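Notes to accompany the following structure.
Letters A, B and C mark the chains as written, and numbering starts fresh at 1 in each.
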Amino acid sequence: MDKKLTISPAFKYITYGMIGIGIITLIFGFIYDPVKTWANYLVNNYYFLAIVVGATFFGSLQYITQSGWSAGFVRIPQAISKFYPVLFLLMLPILIWGMHDLFHWTHPGAAEHDALIAHKSPYLNMPFFIARYVFYFAVWILLTQMLRRFSLKEDIHGGLVYFKKSEFWSKVYVFSLAFTFSAATFDWIMSIDVHWFSTIFAVRNFVMGFYHGTVIILLIILILNKFGYYPFLNKYHLADFSRYIFILSVIWTYTWFSQYVLIWYANIPEETVYYLPRTKGEFVPLFYLEMTINWLVPFLVLMSNKLATNKTVLFVVGIILVFGQWIDVYNQVIVGTYHHLHIGLIEAGTFIGFIGLFALVVAISLSKVPLIAKNHPYIEESLHHHGD
Amino acid sequence: MYNIDIRGVLVKGNKTCAQVSDDILRPLEAKSPPMWWYFAIFITLMMIGLGLWGIYVTIDTGIGTWGVNNNVAWGFGIINFVWWIGIGHAGTAFSIFLLILRQKWRSSINRAAEAMTVVAVICAGMFPMLHMGRIWDAIFVFPYWNTRGPLWVNFNSPLFWDVVAISTYLMASAVFWYVGMIPDFALIRERATSRIKKSVYGFLSFGWVGTAKGWLRFETASLLLGGLAAPLVIAVHSIVSMDFATSIVPGWHTTIFPPYFVIGAIFSGFGMVLTLMIIVRKVFKYEDYVTRSHLDAIARILVFISLIMGTAYTTELFVAWYSGGDYEMFTFMKNRVTGEYTFAFWTMITCNAFIPQLFWFKKIRSSILLVFIISIFINIGMWFERYVIVVTSLSKDFLPAMWASYSATFVEVSIFIGTLGIFALGILLFFRYIPMIAISEIKGILKPTSILKNDDHGKN
Amino acid sequence: MEKINIIGIYDDPDIFTDAVKKIKENDISIKNVFSPIPLHHIWDILNLKTRLPTLTFIYGVIGVVITFAFLYWTSVVNYPLKFGGKPLNSVSFIIIMFVATIFVATILTFMTFFIRQKLWPGKKVVMIDPRTMDDKFAIVIEKDPSLSSQDIDKINKLLKDSGAVEINEKPEPDNYIEEEND
């Protein structure tokens, strides 16, 4: 029960190597093509932000709904939440050097010639932007670390006190996410296409994060299980996870389609300006690939109960979905910043670097605490989960 | 492994399966219903009578008897349509979404919620038909082979999507509800003593006997239909929202409408479920089955849905400003937040986003009376939400010369009261003749979730 | 010839499940089991399967094809009328296709369920033991003439040992319809 994760040196070297590749790519990229590199940097930052938000939301949801089946895995979202502070630091270079290349509204004098940017300037201005960024991260880091500490204290002291506290603060966290993450997506992604707006934007991005955050949790569990951790993992857990992923893929498609079809149908120039470069011209393949990967793959594969409880199948689907989310974020960021579809070394290198960093941070924070929350009140339900 | 120490038992009183059947079937097996039941039936019949009068006037004289005009062409008819459809979402939401989230407490409530769905969808379906004005031509909405040349309905019209969605939803929820009741009908058939009862319920039970293979097929079929109905329920209200959102009317054309309507529908559905269950558990003495912790669970869900509603309202207001569109700004700021329809707007905000937040406090959640009052507020708030959406946007759009106000006439109000009567009548009949709680499902969860082990708890 | 059944009655789902397992392991042919609630483990023990999910998937595919064919034929072939600047073969077909597919799949799934399970309104049935609708669990073993008295004793003993509260030996009711476990 008190088993801890031991990080093998090989794993460490691999992640160091990946981070190294990332750093070299970035340095190389900033010299040769700064706009593209900044755009990629933002893609990856936002990619992992969405995943951390989604995964921690998944963790909180389990507390709020008093779900028993997932109680054995609470440590994983908690470990992922440790990536918040790293993301906070990773965002800093953008704020200092990258804003001009990414956000049209930061250009000096942009507001003078553009009535809409002038109109939005009470919200979109640097001091307020930075203040909001600090505020979001303060709230997220504070609440998630609090939740993590409750769970660790529960390990030592037991009892229901910490569970009740976790439940309450999970609610607070979800409440704060609703407003902070909405605003954060507006800030960091929607304001790239500064003239465009969509009310469903935050919902769509939140669902994207929740969807792929759940996938990442499952992937981590599968990998750890391969190395002998979580021996109690059975097909009912897998069925529950695939049910989440299946439903979330449908909801993701739903929000994606709602945004697209309403803009397509009403056909107002203010709104169609967003989809024009995405549905006509060089970005067309990605537009369809995004839908295929994120919707069709899980929809067709996970429909069958047999495939949905097969570890290898789930792992493959999970890996495909990792790229699915990348394409999703890429489509949202690159079209408005770099304007060209060109996936090459910079894209691959940056992504590898971020994955390495993410894996390292999560592994280290997982290795510091017992993998199983032994005093979680529903732990027995999870260890002997049998599907009803 | 279900941990009853923390979650609380789902059925109180250490009941056996036989006791469960006795308790739930008691109102059905009573010789005659209590006096208040006849009184309530009488009231609902009065309401339906009033509604029939309104329908008669509408059909006989025409749609001019309503308060709608050339600009505000959608009035009470569409408001009530959306409101009823919203309430009709509770059944599927309970059955499916809580199943996915593994919430066992849904078992005592889903049957009532599903019944509510069916009646509410029937109520909803009446309004668009009446709104057509020439109800005898209602058949034209269906795409059927006709002799008017090659002439088909407009498949690109959200109004046609509505027709498809509502009919599918009515069919699917009715089938789901009925199939779920088959084992319970079979139980009544075996228990019935009178010949009439035995043959009626025997007829309804389709000859169910409960073999292992039968149960396997039954469960598989229910799960499959559940899986199909979950996207359906989302699709239905999204399509209702597209009646508004595919237009370019300010305040209507906003991309958040589909999820916002779905959430709103689930919100009003849960609100209505809460209202009903509080009455039912009191009147039929089902306190052991619909326990305080059931009500507590619904209340806790409502806090969250209310949060999402609040976020959606805020997003709409923010983006109305952020978009920089003058018409959007006018609609939201001058015609909703302030202006002619301020009252409706702030009622909506208060009832949907603020009052349910009181459920944060355990004291309030544990007072049945307060929970009941708040659930009523939610029903009112959701009605006003539809009022705000339908009326404000239409009353003042792009051309000030075309502005008009809307106020409902007595005919419209009486039709609304009539549907309330139909709803109440449906529920009353259902409580008398159909088991209100899914008996076989309760029995299924009884042992792991409710029977206290003697060695642990029997001592005191 | 009149059939005689040995009926073991249990009153606890878990004991019942174990009992069925034990009897199955002893190679005794179980004619049928009756329960008031679905018992998931019994399906594994008796090796019962259903192909309903596959059928539903096929129905869904049929639904998609039929709906799209219909929409395409009406809007592009039979009555090609442009409105609202939308193409004839429109993206918004997806919405109708989605709902209509669910419509087709739902109806056909339940038709299949009723037909395979042979349920219809007004079907007359006689139950082996009506209490299995309420709170009893029953296992029915046919007392075949070929069974020796030793076998029957063994069956009775197994039933008793596995926790049966009652063991009845009854002739099968006249109008009893056996449900096939195919």
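The rule is simple: a contact is a pair of C-beta atoms (placed from the backbone, for glycine too) under 8 Å apart; a residue touches a chain by one contact, two chains touch by 3 or more.
This structure is a prediction, so every number in the text was calculated from the model and none was measured.
Using mean Cα coordinates as chain centres, the one most removed from chain A is C.
Central chain by Cα centroid: B, whose mean Cα position is closest to the mean of all protein Cα atoms.
Note on chain placement: the centre of chain B and the centre of chain C lie 30 Å apart, centres being C-alpha means.
Distance between chain A and chain B, defined via averaged C-alpha coordinates, is recorded as 34 Å.
Centre-to-centre spacing of chain A and chain C amounts to 42 Å, using the average Cα coordinate of each chain.
Across the assembly, chain B contributes 231, 242 as residues in contact with two or more other chains. With touch defined as above, residues shared between interfaces to two or more other chains in chain C number as follows: 53, 86, 92, 95. Shared contact sites, meaning residues of chain A that touch two or more other chains, fall at 261, 265, 388. Of all residues in chain B, those touching chain C in their complex are 16-18, 21, 143, 150-152, 154-156, 160-161, 164-165, 167-168, 171-172, 175, 179, 182-183, 186-187, 189-191, 202-204, 206-221, 224-225, 228-229, 231-232, 235-236, 239, 242, 440, 443-444, 447. In the complex of the two chains, the chain A residues touching chain B come out as 64-69, 115-116, 119-120, 123, 160, 163, 171, 174-175, 178-179, 182, 186, 197-203, 240, 243-244, 247, 250-251, 254-255, 258-259, 261-263, 265-266, 268, 270, 377-378, 380-381, 384-386, 388.
Looking at the complex, you find that chain A touches chain C at residues 257, 261, 264-265, 267, 303-305, 387-388. Interface of chain B with chain A (complex): residues 1-3, 5-7, 100-103, 230-231, 234, 238, 242, 245-248, 253-259, 300, 303-304, 307-308, 311-312, 314-316, 319, 322-325, 360, 448. The part of chain C that touches chain A in the complex is made up of residues 40, 53, 57, 85-86, 91-92, 94-95.
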